[in-house]
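Dropping the structures in below, format is structure tokens.
Shared between the two complexes below is subunit A, which has subunit B as its partner in the first and subunit C in the second.
Now for the complex of A and B:
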């Protein structure tokens, strides 16, 4: 049996293709990102090694500050709205007596399967200052409140964050619903016998027992927010000015528009560190004690 | 009336909120489908919100025949199908060996593969673009398919690994005693057992690669190779005069994924949320 399962040729045939492709296309580039972040490099020549100068330059770059700030705002908005509203929706739908659960589930989830381009174009038309649905809606309600949502620096990042929040709400809803369902019924029953209201039971029992699910949702939303790129690429191209830049956008522009590949790599490296830090902090804050059931 | 009462009794503020949110979630899509069937006058002035007064299917004909939609559509299809086949084949083989076969570095290999799950693609875009250029596959289908396969490997392998671990070892033992080769065991015994996981991951990878944007925008510049998410991006310029056709193109692009979701809604939700079980 040992010999049968230890067949060297078979092992090589089964594992090498995947390992090779993964090493070349995923693992090697990670190393390269860090390595190249210490170069002055145009992507073509060998480049010159400059230690941490790119990072120093980043710290003095006002666009970098905007990018960090936008990443945090974006992450905060999507985390709060997606997890907050997602929780309410998930707890309501997990109640078996709730009418229309199937239709609600499908309506909440459907934006998730759409292409981000479609979603962004759709919201571009909704936000459009002349013809957009948003301003038309205010007209219809008789409110004189016309906004050019995407062309003011302050509101643009918030408007974009809400598009992302809208699209991936269903994803968090589905995760939280699965989490809520995995909490055994008898706990809720016991709480009800003890005279707890439904809300109390959810806050005191279901939510603490779903700590692992919440942790995953938070990591996903926060890192997703810090990494944001496609939304701003499509909706504002980082503008107006540089007001909707994120770290990924800064990386993209430095490398693929301006040709400073080393500087772009440094931005990418900062992004990795930022995501890692966020994950560590969330792990620290949520679910310090594992609850087993 | 009783039904209505029941609906109200059933904690009506929550119920109201739920249906309002459902409306917010679906209406933009319905609006898109409506305006794909309207002309500019109706979209902007006479009837921005409601059902089209006259169904203008010619918008779909326009989107399909005058612009590049069929090219984008078939590119998306080619890339998505090739990615599904490649990623599933490689990861099923790898995770079989990592979970069932006995060799010295299998634990290390498995952990090594897992690292990829924690790396956002944005982070390696620069080296990846250089690699694609140096391998001379820039502006070919390979420029998308190969990185897509590589990027799906980690996650898919880990899901399959979990499934393979749950199969009792007696199966290989009896296969061995009956004289089946290890390859035969893999194809005729193992693969049929993990069929449910295969189906889930096929959906997962298909949806992911159909909608992938970031890598595509950086790695593909040639018009004839653009996938739908890229192609639609440049519609904005072309179509500013014809919103109806733009709506039609967006509806066409959304059709496959929405259809898949409608047909397999449970599996899709499972497929997209299966990550929480592994990553969390």
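Now for the complex of A and C:
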């Protein structure tokens, strides 16, 4: 190994393809986005360099504020729901005494492999204010809580976030299940001998030992929430009005509906910074010390 | 001395050779250019005499339902008779706000002919992706065939022609189910007060007063425009041009009236999430009393409801306003139609094909789709009789005093997006008029 690490040519040869790909596919477009965000540009003609004017305009744009707020709400809901419920399901299914765990393991993952369009259409029916399942459910329970789930500016973003949370919960469930299974059995045995209950063992041993997995899940859920787009595009087209806009939707609207590619790039640049910040904070706060077992 | 003479003779001979060689070269050049000119002339003659060389043109056009498929197929069949050597390769236009077309333009992959509206024309003329067609407007007598009332669909704001139009100035109509009004003993509204009475009456009878597919944002702009035009005939066009403010009385009162009516139950629950199919079903099945859509809805509404369907003049602020604003229609047209890629191999031929297709497209709509709203005159007799609602509209066309624009015909893209978003929010009833004025004011362009 030491001999290999000393061979700089070999290191260069092996890392170069990945480095090249990363530069072309990721780094260059990101740099272009930042560069283009300083232009007044319609995407076709030569743009005009305007320094940070697009950013100044963004800060004064009420739609930008709505987009930031919605991104945070969306990220919070899907993080809590996907990781919270995903954990409960993962711990339940990882227990060998749990009946039907094989079928449940497959069932929980089915929504992940469904097309997002199919899932959104399904939930559009469920949320329908006239004949949707959601309102009927309240009727059946005798609760007078009829809602216009997707037509109310306040509830629409929450309703859409739950659709995403439902669909991708299975993905986090699979990651957490793998994490829970990789915790060595002897730790659990030791806990049982010491008289710990199942819940105590999970809280005190399994969860702390899965910190790395949780960190990974959180990065995925938070960044996925911040740059959400497809759900609102299909379910509400960003509406009513601009109430379900996220930064990605603002970027889409600016670039493709309004033809302001420079402004759209500025929104995209803010999104990149926001996601990087979120990732840095999660990395700083969660699983700071690597646990090896 | 003899040596000098020999050298001089040699030099002279060499000079002669060089001169003659040069002469011969010049001759060759002249001959070659003459030959080339001759060849070009022959090619041109051949091309004029027998333009039978097969030409394949890429076309990007609407082709999604009977209203777009049938006229297109007819136009293509007619083209085959007129120019048998021209083959069209169709790419169906995506409903994507022109994103695909703009991407084609950005990557230098623009089709030879494409359908363009105001937005595409304005964007593409700045970037040189659309051919100016001024010198081709005489092809097939296109300009002479235009109605004087539809010249706005041919000429852009800058006075140039960028597309051959086929559609005329289209209108938004307020359709209603006559039977539902009669059955519930509700008067067809002519004023805002009567409209409110109708809304309350239909709600009490369990009928949705107005079906609106507000998930698409343009119908919400049209509804707002309907109320504005009762007091300001130019409607949203004046806002688009920055000539008025959303806080001006006509514009503010229109927003207030919508909020009031929505709160009273004008629209079905979840209206902002209702697509065309859902809203239209409510109307066709007799679950909604009124339906707001363009005049292109006449054929389907007649088919689904027969004589029960009709369209009414928009209710006015009061009885007097109803009469004065009766013929202030909403909707209208703008420059658009089949446009040509400036980098097409043979611009004249492509322009010729585009002009021909537009004429034939309009011809089919006029003669066989029962639609007199076309841009160009049609000289062959009508095959399909107009439905009663179309006859009524056709009779009224001459009386129309003003038109406005559909959302897609607005010239300022930023204003268009803002008014679409703001009017859709109005449909929820939970969006204040003050907020509406604030949001729209920010997007209204400075006076042009």
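One rule holds for everything that comes next: the second predicted complex is superposed on the first by the 265 of 293 C-alpha atoms of A that agree within 3 Å, B and C clash if a C-alpha of one lies under 4 Å from a C-alpha of the other, contacts with A are read in each partner's own complex, and residues count from 1 in each chain.
Basically, contacts are C-beta pairs under 8 Å (C-beta built on N, C-alpha and C of every residue); 3 or more make two chains touch, one makes a residue touch a chain.
Bear in mind that the values here come from a model prediction, so they are computed numbers and not experimental data.
Shared-chain residue A:121: touches subunit B; no touch with subunit C.
By the document's definition of touching, neither partner reaches A:141: not subunit B, not subunit C. Judged by the touch definition given at the top, the superposed model places A:256 against both subunit B and subunit C.
Comparing subunit B with subunit C, the partner in contact with more residues of subunit A is B.
Within the superposed three-chain model, A:193 lies out of touch with both subunit B and subunit C [touch as defined at top].
In the superposition on chain A, no contact is made by A:96 with either subunit B or subunit C. Contacts of A:5 after superposition on the shared chain: subunit B is touched, whereas subunit C is not. In the superposition on chain A, contact is made by A:43 with both subunit B and subunit C.
When both complexes are overlaid on chain A, the residue A:106 reaches subunit B alone and has no touch with subunit C. In the superposition on chain A, the residues of subunit A contacting both subunit B and subunit C are 43, 124, 130, 256. Contacts from subunit C toward subunit A in the complex involve residues 96-97, 99, 102, 105-106, 119, 123-124, 126-127, 129, 215-217, 268-273, 413-414, 416-417, 421-422, 424-425, 427-428, 430-431, 439, 442.
Residues of subunit B that touch subunit A in their complex: 6-7, 10-11, 14-15, 17-19, 21-22, 24-26, 28-29, 31-32, 35, 43-44, 48-49, 90-91, 93-94, 96-98, 100-103, 109, 112-113, 115-116, 118-120, 122-131, 146-147, 149-151, 153-154, 157, 172-173, 176, 182-183, 186, 207, 210-211, 213-214, 217-218, 228-230, 232-233, 235-236, 243, 246, 250, 253-254, 257-258, 260-262, 265, 268-269, 272-273, 276, 279-280.
Against subunit C, the residues of subunit A that register as touching in their complex are 42-45, 62-63, 124, 127-130, 148-154, 235-243, 253, 256-260. Across the complex, subunit A meets subunit B through its residues 1-2, 4-8, 10-11, 13-15, 17-19, 21-22, 24-30, 32-33, 36, 43, 85, 88-89, 92-93, 97-100, 103-118, 121-126, 130-131, 133, 136, 140, 166, 169-171, 174-175, 178-179, 198, 212-213, 215-217, 219, 223, 227, 229-230, 233-234, 248, 251-252, 255-256, 261, 264-265, 268-269, 271-272, 275, 279.
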